[in-house]
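So, here come the structures, one by one.
The two complexes that follow have subunit A in common; it is paired with subunit B in the first and with subunit C in the second.
Up next is the complex of A and B:
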């Protein structure tokens, strides 16, 4: 025990800490300042709304402290991250607890500012200055060893990532590699310093901490402080408006570059494209590399799998969309025809069916839907029987919001005019935009999987069960976007045997035909289609069933078995 | 003993190659999976550009292969190679040794169901060019009931990224015009339209056929792709297309729609092809050694290709290649 209250080796740490705290406060003010006024209001309100406040507490504890989402994704990585982050958190907490239990310090008489000063660094260098009580000493050693075990896994992951179940890891630049080295050495230095009390190691430990904290804002480790803010903003229900400001900025700094999205991204099937994954997109944005960020934003298929697997829930798809809006695709379009467009007739039927362009190109689905609605005795009107107005999604995906809104306004007018209470859609691409962008109060929006499921359950639709083994493909814009996983599966179970794909539900692999990407080549898309089909064929089904006309057309090129829409298979099994 | 040459495929290419090799004193053996020789051409009624009966040509070819070893209803199920040549096992368990192999496996017709937007297999009055040819041959097809307005769609499954076929299928343009004239002959009162991207009239007399189609047969050629087909209340077809010369969208009601299906690589040979070590090119057809001087050669010595197995080809192209492959095989055996 060293009966003193100060030693110069604490200075590097104190400097680093002061720097990081200042940076975080400034950053926090900047992010909040950049929020649009309405968003800011919404944010403040969310903090005091019981529901969101509870969600905040739940996720702050669950994600920031216990890293629940990483555990779910990969238990080895879960342990690695928890060992380091939670272990570190605990030794800081225990350090502070000890500070309270041991005061006043024996043999040290100090007052005023000098009495306060040790509070900053005592918990970090406790053993140099004071003696730990045995119980705390054991706890401290336990957590320190836990951290070191986590670091050992991290070293293994760096050298041979497949051992921990990760195929591809991020490639980092100098700063990220250096700060990682600092992080890995902090704790061994501390352990040696504590056990041997050699001054050099106390210095090394402190300097390591300083290096870590000075580099933190400029590296991926900035996710440590930022994630907390991001959780609060996310629960406030905000959307990124600009790709590098406000809410998006909080997300950019919250991305830990863990690279879990690299293996998840369907584009990674081609190694060349693994640089187009969300982890790299976020890194480009952080580094201000607008051109590359724009290119990646335009390459992305918007399938949302990276969002589904992200342990931090970064909404990278939304940020890519805001990046596209910032630099819209250069096509000029003329929508003057919209004014002259009128529907053929209105029948005041309660159900309005909108096939959409893709379903118009797959007339089997339209036919099946007609057959189903007629068999169920539903009164319906076919909204785009003689051609209709596009839902607007392709324009939105191109970042052309104004053009999309012109079409959306026309469709809204037509739907309101029809007097229908329910809108049934066959295309998940339309479904997404109708659900998210349209203002259709009083009109229930359903995808035909949900609609058919309801008709079957209500007994309006009588179906036969056959012995065919079906596998169901979750279309990205129905599954991951809206969680419509159970309805189609229940429908299929009512008409035949449902077998499982290798990756299902939120892990389902995009068909490769996505409208989202502007610059994937046909060959690159084919590679994705092939892995997706192989994944579906895992249990040797007789037929592939999907619920999206685009998936249907895409799979039909590569599938060894028949590919059908869920409406088609149901229509074939009507009693 | 004469040297055996295994010819897989008994269509135009296989028959003509066999004829030439036989004349050279070699022993060609044709393995044909169907019950008759003649391949696709035997299913055809008349040939462009001069409306020459296909039967004439096929009969002459059949006459020439008389005396040549032909195995019908037979497929090659396995093939191995060693220093003594090729050793094939046929589906009838027969074993054949050969000094050289000619792949003359031809093409498959594009499955029109894959372009669902054209409604084949969904709407009654949509048919393929192959089926129309059968109608010309037999005079029978339930779908053809005195149609008043008929449309032909070019490039179905060709030059189309959406079905992964970016290549031109070469013969469909001329075939469409030939068939347009022929249907007009059968139904002189009908209006006939063809919807094309480009009209590729590459051979002798083809351009004349194009002029004749318009002048003598009053067929209307519209430059633009059909995008969608649907059915109206009366079961008539409603097509949407764009007339790119007018720059305007177009909607038309038809009684009959004919899809000019492209050629695709014959995939039933894939397993044997793989055993022989012959790769595919980017269009999915077999890869020959080079497109100028090595069109009949493959990466494997002793394995040759002829006809539409390497790319879509017209009948004269195929005959030419079949004759040249015979020379190549002869030179190979006498090297």
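Up next is the complex of A and C:
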């Protein structure tokens, strides 16, 4: 114990801390200031609404402190991150607790401003200035060793990532590599300084902290303070409006560049394309590399798997969409010809069936749906029997929101005019846009998997059970987007045996045909289709069943077994 | 050839003097258009083609003849639904090409 309350080696740390705190306060004001007025109001309201407030507390503790989502994804990485982040948090907390128990300082006469001074750095350099109480000393050493064990795993991950179950890791630039080196050395320096009390190590420890703090805002470690803000904004239910402002900015800085999305992304099957994954997209946006960000945004298939595996729940697909909107194509659409279109012979049936463009290309699904609805004795009207208008999602995907409105307005008019109470869709692409963008009060929107499941459960549809082994592929826009996982599986179980794919539900692999991507070539798409099919063939099923006409067409190119739509297999098994 | 006796203006395209900048740029960014066999599958399935004269095959032809304005006018009808890309037997990324023409 040194009977003094100040030593110059604390200065680098104090400077660094002051810089980071100032930067965070300014950044916070900037993000909130950039939110559109309505969003800001919604944000304030969410902070005092009990439901969102509870969700905030739950996620702040669960995600920021215990990193539950990383544990779920990969326990080794979960331990690595918790050891470093939670361990560090704990030694800071224990430092403060010890400072509290220490007062008043023994043997040191201090007054006025000097009395306040230790608050700023004592908890960080405690051992130098004061004696630790035995129980706290044990705890401190425990957490410090825990951090160092985490760092050891991090070093292993950097050298040979496959040991910890990660195939591809992010490649960083100079700044990120340097701050990582600073982070890795902080704690060994502290341990040596505490045990040997050599001045040089106290200096090194403090300078390391300063380097870390000064670089933090410009590197991926900015996720430490930003994630807390992001959780609050996310629970307020906001949507990113601009690719690099307000809510999106909070998301960009919250991305820890952990790279978990790189292995998850179907495009990574091709090494060249693993640089087009969300982690790199967020990095490009953060660095202000608009051109690259735009290119990646247009290459993305929007399958949403990166969002599903993200330990921070960053909505990278939404940000990519706002990036597409920010740089629009100058196609100057003119859809005025739609005004004069009205389908021939309509009836006022309670159920309206909209096949959509993709189902028009796979007429066997339409025929199967007709057969099913007739067998169930449903009164229905076929909305686009003579062609129909596109649902508008492909246009939205190109970032042209206003142009998509023309198609959406026409379809809305036709649906309202029909007086139908239920709208059945057999294409998940349409389903997503009808669910999210259309204003159809009083009309229930169903995907045909949900509709068939209901018909079977109500007993309207009698089906035979056969001995065929089916595997079900979750279409991205039905599964990950809306969580429709159980209905199709229950339908398949009623007509045959359902076997599992290697990756299912929210981890299912996009078929590769996605309309979301503009840049992928047919060859690159085929590579994705191949890994997706191999994944589905894991348990050697007799047939692949899907619920999306686009998946059906795409798989048919590469599948060794028959690929069918769920409507087809049901129609074949009708009693 | 125009001797001044026609009722309607000549539709003759002088290939030596047409401006092929857009088409050449397209060929560079999307080399797959070179593989087009003009089969017309894209046109046959086109959702917008159901209502209008929209036809990707004709758009390519227009560009090859330097009729860029006409091509751009036709593209305005497109709904970007992507059926053309799906049915193309040559795997040409038609939707991307349509967007690139106007970029």
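FYI, the second predicted complex is superposed on the first by the 571 of 575 C-alpha atoms of A that agree within 3 Å, B and C clash if a C-alpha of one lies under 4 Å from a C-alpha of the other, contacts with A are read in each partner's own complex, and residues count from 1 in each chain.
Please note the rule applied: a contact is a pair of C-beta atoms (placed from the backbone, for glycine too) under 8 Å apart; a residue touches a chain by one contact, two chains touch by 3 or more.
What you see is a predicted model; the values in this text were computed from it and never measured.
K.L.:
Could you classify subunit B and subunit C on subunit A, in the superposed arrangement, as clash or fit?
P.N.:
Superposition result for subunit B and subunit C: clash.
K.L.:
For subunit A, which side has the bigger count of touched residues, subunit B or subunit C?
P.N.:
Comparing touch counts on subunit A for subunit B and subunit C gives C.
K.L.:
By the touch definition at the top of the document, which applies to A:387: first (subunit B), second (subunit C), both, or neither?
P.N.:
Once the two structures are laid over each other on A, A:387 reaches both partners.
K.L.:
Just to be sure I read the superposition right, which of the two partners does A:367 touch: subunit B = first, subunit C = second, or both, or neither?
P.N.:
So A:367 only meets subunit B here.
K.L.:
Thinking of the overlay built on chain A, is A:398 touched by subunit B (first), by subunit C (second), by both, or by neither?
P.N.:
In the superposed model, A:398 contacts subunit C only, not subunit B.
K.L.:
With both complexes superposed on chain A, which partner does A:553 reach: first (subunit B), second (subunit C), both or neither?
P.N.:
A:553: touches subunit B and subunit C.
K.L.:
Between subunit B (first) and subunit C (second), which does A:335 come into contact with in this model arrangement: first, second, both, or neither?
P.N.:
second
K.L.:
Report for A:519: first if it touches subunit B alone, second if subunit C alone, otherwise both or neither.
P.N.:
Touch status of A:519: second partner only.
K.L.:
Check whether A:133 is in contact with subunit B, with subunit C, with both or with neither, and answer first, second, both or neither.
P.N.:
Neither partner.
K.L.:
Could you give the residue numbers on subunit A that contact subunit B in one complex and subunit C in the other?
P.N.:
Shared contact residues on subunit A: 360-361, 387, 522, 553.
K.L.:
Can you check the complex and tell me which residues of subunit C touch subunit A?
P.N.:
32, 45, 47, 50-52, 72, 75-83, 86-87, 91-93, 95-96, 98-99, 102-103
K.L.:
If we count contacts the way the header does, which residues on subunit B are in touch with subunit A in the complex?
P.N.:
So the residues of subunit B touching subunit A come out as 114, 116-117, 119, 122-123, 161-164, 166, 227-231, 240.
K.L.:
In the complex formed with subunit C, which residues of subunit A make contact?
P.N.:
Checking each residue of subunit A against subunit C gives 329-335, 337-338, 341, 357-358, 360-361, 386-390, 392, 394-395, 397-398, 400, 407, 513, 515, 518-523, 550, 553.
K.L.:
Spell out the part of subunit A that touches subunit B in their complex, as residue ranges.
P.N.:
Spelled out, the residues of subunit A in touch with subunit B are 360-364, 367, 387, 522, 526, 553, 556-557.
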